[in-house]
Structure formats: C-alpha cells, structure tokens
Amino acid sequence: MSHADIATARASTDAVRGAPMLDVRNLTTHLTLRRGVVRAVDGVDLHVHEGETLGVVGESGSGKSMTILSILRLLPRQTGARIGGSIVLDGQDLLQVSEKTMSEVYRGRKIAMISQDPLTSLNPVFTIGDQVGAPLRHHGIARGEAARRRVVEVLDSVRIPSPDARLNDYPHQFSGGMRQRVVTGMAIASAPRLLVADEPTSALDVTIQVQMMALFRKIQAQTGVGIILITHDLGVAASICHRVAVMYAGRIVETADVRTLYKRPAHPYTQALLNSIPHFGQKKERLFAIQGSPPSLIDPPAGCRFAARCPHRKPLCDDAYPPEVELESGHRVACWLASGT
Amino acid sequence: MSIAKRLLHGLVSILGASVIIFLISRLSGDPLALLLPADAPPDVIEQTRQHLGLDQPLVAQYLKFLGHALTGDFGNSYRWQEPALGLILDRLPATVELALAALAFSIAMAVPFGVLSAVHRGSWFDRFAKVFAMVGQAMPNFWVGLLLILFFAVQLNWLPAFGRESWSSLVLPAIALGWYPVAAQTRIVRSAMLDVLDSDYIRMGRAMGLPERVLVWKYALRNAAIPLVTILGVYFAAMLGGAFVVEVIFAWPGVGRTVVEAVFARDFPVVQAGVMLTSVLFVLSNLLVDLSYSLIDPRIRHG
Amino acid sequence: MADLTAAKTASAADSAIAGAPLRRRGAIAWGTLPWFALLVFPVLIVCALGGELLLPHDPNALDLGIAFLPPAWLDGGNWAYPLGTDNMGRDLLTRIMAGTRISLVVALYAILISGGIGTAAGMLAGYFGGRLDALIMRLVDIQMSIPSLALALVLAAVLGPGFETVVLVIVITYWTWYARIVRGEVMSLKQRDYVALARVAGCGTPTIFRRHLLPNLLNTLLVLATLQVGQVIIFEASLSFLGLGIQQPDVSWGLMLADARNYITNAWWAITMPGLAIMATCLASNLLGDWLRDRFDPKRRQL
C-alpha cells in the first residue's frame, strides 16, 4: 500500500474520530556524522488524536528518541541533522515554521517533553518554584503572583504534597519519583496539546511507575492532551497506551491499537518482543535479546531490515522493503508475510 | 577533612610563618647596631642588650616575640616611634580595597570570556580568547601597570597614576593587579560552562522553549560559576601577594608599599608586622575556600 | 598544575632488573608544534651564550649625546640603535641582550637547585609516607602561607640585594612546586608492580629511587622546569624592579624597567622593550611547557 492508500484508509477512520491532532508523515532524519550519514529516522508515519496515548516501542538505537527530538526540532547542531517529511500539529507543519516560532510557540507550550532521568532533568541550583514557573514566564502565560499560583496548582495536580511550602525547595530535597512528578508538572503547566514522554519511568522503581502512569491517565482525562510515550517496556505501554507503534531500525514496522497488538501481533519482530513476556501485563525489566543485532543505519539493507534476525525469512525479504498493509482497521504492518505472497 | 582540622592546619601554618619571619629578621645581624651610635660605650650596649632581651637564647626570644605578636605588639617602628602593627593596620583597608577591586576586574573579564568561549566553542572568538589569555598570562603585573600608566595616564591623561584620591585612582591599579588571574579564571569558567551546557537540565530547558540567552546567562551560568566562586579565596590571597609590587608602582598607600619602604629603611618591626599580617590574611583566604563550598552549593548546604 | 601519570608497559620482571622504560610517543605532528617557543628559546640561548661577542654596543656605555633616541623605524631613530636608547644613551637592544644572560643564568640555577631539593623532598615524602611525609608537607604548607614576594622582600632585606639573594629567594619559593607534584607522582608510582618486585629482589632504596622512580618522573620534571622558566624570570624581574635583585652594573630587564619608570614621559620605548622581552620569554616558556605536558599525556589536553 502506498502512502496515498494509507491516507485514504486513515481518512475513513478520521471521519469517525476526527482528524488527528498530530500527523507525522514520512519523517526522515539524517545525521551527518564523521563516520557517515546516519539515517536515524527513515520514513516514519504516525499520528495522535486528542486525548489519545500512542506508545512507541523498540530497542535502543531504533530511532524512537530521534523521532521525538525531530518533532521538537531539538537535534544538536553538531549532528548536522536534516529533517524531511511533514509534522503537522493542529494543521501547521512544524518543519515549515521558524526556529523562533518553535521556541516561542511550540516548545514548552504546545508540545512538552519529559525525559528519562528525573535526577538530572532539574537544575540543581534553582528552586522548583522557579523552574516550574519558567515556561509560564517565558511564554508570557503568567507572571509574578499569577505564575506562582499556577505553579502551586500544577504541583498539586501532580500530587506533590504541600506545594505552597515547597516552592522554595531545591530538587535534591525531593525523591526521584517526586522529581519526575515535578518535571511532569513543568511540562503540563502551560496546558500543552501534546506531551512527549521519553522513557519516563525507566529510572524509577515499580511502585513509582504505577503512580506515574496513573498520573498521566488522570492528566489526559482532565485536559485531553495527546501523549506519545516512548518505552522499551511493553508492560508500561500496555498500561496506558491506546495505540502502539513498534519501531525498528529507523522505521515503524507495526502499528495497532493496544489490544490488537498484544493479541494478534503480525510482525515477527513484535511477536519476538511479546514472546519474552509470559502473560500480558506482567512487567519485564528489559527486552529479551533477540538473536543478532540491528543493521547499520548508515548503509541500511535494501530489503526488510529485520530479515537477518527473522525466523520467517524469505528471499523476497532481502530484495525489497515490504510495503505497509492494513490488516484490519487501524492495524498496519510492514512485512512480506502480511502482504501475502 | 573537617573544618576543625583545616583550621588547625591553618594555625600551624601561621605559626610556622611567624617562626620563619622571626628567624629571618634575626639573621640581619645585630639590631643594636641600628639602634645605638657606633661609638656607644660597652656598658650601654650591654644594658640595651639586656633591656631588649637580646641576650636570651633564640628560642626564648622567639617565644617572647610570639607572645607579643599575639597581643598585637610588634614593637615600635624604628623610624617613627609608633606601634608597628598600628601603622600596618592603618594601611590595610587600602590594600583590601585594591585586592577586591582587582578580583572584581578579573571576574568581570573572565566570566564573559569564558561563557562566550564555551557557547561559541571552536569559533574565532574562542581561539582569540585563548590567545589573549596566553599572552596576558605572560605579562608581569608590574609591567602591565607601567604600560597602563604610560597609556592612560601619560598619553591620554584619562586616569590618575598615583595615590588614592578618588575612585578613579583605583581603576589602573586594579586592572594591573587583576590582570594575571584572568587567563586561569577564563579557563575554569569555560570548562565548567561546557559541562553544564551539555547537561540534561539545560536540554530540558531548551525543550521547554526557554530562550537561549536565558538558558546560558541565568540557568547555565549559575551552575558553572560554582567552581570559580568556591576558589575565589585563593585568588584573593594571590591578589594580596601581588599587591606589593603594584602598590609601589602606583604609590598606593597600602600594606605592600609600606612593607617595601620599610625593607629599604631596615625598619624591621614594620616589616615583621606587615608580613605577618599578610600571611594571616593569606591563610584565612585560603581557608575560606573550604568553607565556601558548603555555602554556595545548595546541595551541600542542605546536606 | 601538571598531573601526569606516566604509563609504563614493560613487563614487571624485566623492569625490576633493567629499570622501568619510558614509553615512546609516536610521530611528531608538525602543525601543533609550539613554533613561537621554538623560535624564541634558541635566540635567548644564543644571546646568553654569546656573551659580549654578540653585543652591538657596550651595555653600560654612557653617551648623553644620543640619549632618548626612539626606535629606528620612527622619526629621529637610528638603525645603529634599533630599539632606541635610554636616558643615559645606552643602547636598549644591547642591554636587553645582556639581560638575557643574567635572566637565563638565574633561571638555570634556580630551577636546578629548587628542582633538586623539591624532587628529593617529594620523593622522600611520597615514598616513605607517614611522619616524614607529614613533616615535609607541613613545611610546604608553612612555606606557602607566606606570599612569595613578601618572603622575598624579607630575605632580600636581610641578606642584601644581589644575584645570590635572588637565586636563594627563588629556590625557597619554588621548591614547593616540585615537592608537591613529585610526591603525588611517587605515591602512585609506588603502587606499581615493578617497584614491589624491586624491593623483593633486594634493591636498596637509593637504587629504587634512581632506577625506578626518577626515570618515570623525568617527563613531569621537564614540564615543570619549562613552565618554571617563565615564572622565575618574572619573579626575578619583580625583585630587580624593586631594587632588591640584580644590581648595577649588571643588567636585568627588571632593573631596566625600574630605571625607565623615572622618565616614562620621555621614552615610552624604554618601558616597552624590556617588558616585551620578559613577555616573550614567559610566553615561550608557557607554550613549550603546555605542549610538552600535552604531548606526554594526551588525556590532559585542554579543549
């Protein structure tokens, strides 16, 4: 199926649910490094509706974080990144927007990000009151007393006890879980449309993870924010995602709503990932090691990128990259098996 | 090392310094030769010797010296019959003022240079700053002072070159004295900034759409400043030491100039008092560095 | 300061007998050579060794008729006196060249003696540890609690100015550099296998010092000595400037600056030229020292 066909298929779903808030088409991110051009993200399509949580699952190096950084256009200068495709948020293509607008209008305001390590995400020499209020002040949302009140409100909504008293405290005075909640608060303070969370719970222990997921659900219910949740943990993905996209070697290999993905995974990679889980919902620390390793992103193979490690490998798989097919509504997969040859 | 232990070390250092100072001044030969005319009768010499306690063994003399020193008594200046320590203390504010001004100047240069070098790492500015720093570090401070006088006072006649009349008199001496540490301080700031700019919380700030200017000069700088601020005591101490020559050049009425003059006049009580006081301040400034770690970094403050 | 770790790769057994070999670095990267230093040092050494033979004029020849000649490229200048003359009609270039010799000789003596004492002290402290270490380090601390210039003043006051005083003062000030750093290195070298094996094999302490420790310290010592040249020259210039160092009729750059200060309004070149000589020497020393340090330990290269 071509991009056009998928668009049509999706259009019919949209007719039911409304157009997606975030619509990423054919996103490519190529980094120019010393060793060559790395095709970190190589033609990614994904979309998120309001109030929906999309999980992006994959092993490290698959391009999950790169996708997010590309959406936010936060790739460091040294990488010589070139981003192609389209990233449409509420009708505006972010790749056509100036850097100034990105910084003033989108980052920290319409799109917010939470990253992995709560222990280092907060500036140690500034109070949390100052830090949580910073996006508010710099985006012109609130100043002075109004900003202070909003900060207290936000901290309260992320369940920081006695927020008023703790405004002048420093990050090291909070536990890891609380810090992650503070960071979450900072992210939602300006009521963003899209929240991107890059492995928000991998640095925290299990009980905190459960709390964080509950918090995300609550925020989503209250504000209708769309969430992209990046994780390598299928259990976490299962707990709050509506839909899941599986990423491998810079491309999305399978997308489905969460139940379908876990019950009827179509792509061999997804199946392999799921095989490491005894039952649905039981948490695993790490993905089990599938034989072999991902291909080079500088010079990726012409055919299916998972072929080398796939138990169902056929000659065709090495020759050409499988097109995306829609198996059932909302369930798409890029695999020759599904294309039925 | 605990604070108490460090204080003890400091104390030992000061005591040691006093021994050295005492011994050196006793090396100068018979002080009596300076006090009495050459043809004084032997019994007068003997009496004076006993009176001054110069017939006692060296250790006893030292202890006496120390005892007096602890009460602030360094004897009277040979030139003006006034307490030596008093003369020195009168001049101390001027020296401290100069040292602080020099420190302020060096930081005012080092911070912008360091920050901009880090932000524009590898650029022509970065290389220029590095060269500038290298050259600056090769210039002796008294020469810098002379050049400043030559240029600003003699040629341009903008700033005064001597004395301590108005605030503008402070400018040239402060620059001359504060010139030397700029290179080292710039390196510290630059290195710290490079680390901080790479940190997660700065990246988070960028993801939150905070303007780059604010990120660099507010959020990053405060972290990067910590290594520099904590060792300011060391630089203050260095300024105290360097002040000696700079004060002479600019005729700045501070401790340094007084000691130098006293050296030429062989006025030992003043020399002893001056050097002793400078050493005490020197040790204290260095001790302050250890204390400042806990004061400045909130992480350490709260435990 | 330099904090080098000399990496050795010889097999332990062999080295116990033969003495630990130094690692040889690879090819020279021509682009990174410190060209300035490599140009300046030979010039200085030639001036110093050449002595009177090279001097265009007599450094002390007075000729008031040609006093205050500006540098040759300016109006009124004369190419026989390329850098101009001072208030007594003495040729500046000649005097600068003559001053080179004194400066380098002072530096040589100072570095050898302070380096020798400091290294010995550092080795003893680092190797034997315990009380000896504590004692030596305490001495270092005490020494360093008196600002170096202040200490120099007192010593010079007592001993009188002159060449020997200057060398002594510098030795007393700078031995601590070596002591501290050598101690650190020795403490880490002590842990190496070949040292332990040497002890087991019955090598006496002096042998261990000579064959195992010293060769591994050479890199560090070379870097320190190179860096020290600049420091020493500035220090000597400061002392001579104050009148406590080299005396007439010997020529020192510091002394030249002190003279020139008196007629600063008439002859800016007399202030500038000797200072440039000091700066060039110090810059060369720093550049060469930094380069050596980087060459011996790439991990330390500053970005």
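Order of writing sets the chain letters: A, B and C. Residues in each chain are counted from 1.
Keep in mind that, in the parts below, contacts are C-beta pairs under 8 Å (C-beta built on N, C-alpha and C of every residue); 3 or more make two chains touch, one makes a residue touch a chain.
It should be emphasised that the depicted structure is a prediction, and the values quoted were computed from it without experimental measurement.
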| item | value |
| --- | --- |
| Category of the chain touch graph - line, ring, star, complete, other | line |
| Chain nearest the overall C-alpha centroid of the shown protein atoms | B |
| Chain B and chain C, separation of their C-alpha mean positions in angstrom | 23 |
| Euclidean distance of C-alpha centroids - chain A vs chain C, Å | 60 |
| Approximate Å spacing (C-alpha centroids) for the pair chain A, chain B | 56 |
| Chain B - residues contacting chain A, complex | 199-211, 214, 219, 222-223, 226, 297-299, 302 |
| Residue numbers on chain A that touch chain B, as the complex places them | 72, 74, 102-109, 112-113, 115, 117, 120-126, 134-135, 138-139, 170, 172-173, 183, 186-187 |
| Touching residues (chain side chain C, partner chain B) in the complex | 138-139, 141-151, 153-159, 230, 234, 237-238, 241-244, 257, 260-261, 264-265, 268, 271-272, 275, 278-280, 282-283, 286-287, 302-303 |
| Residues on chain B engaged by chain C in the complex (per definition of touch) | 9-10, 12-17, 19-21, 24-25, 27-28, 121, 134-135, 137-140, 142-143, 146-147, 149-150, 154-155, 187, 191, 194, 237, 240-242, 244-245, 248-249, 259-260, 263-264, 266, 271, 274-275, 278-279, 282-283, 286 |
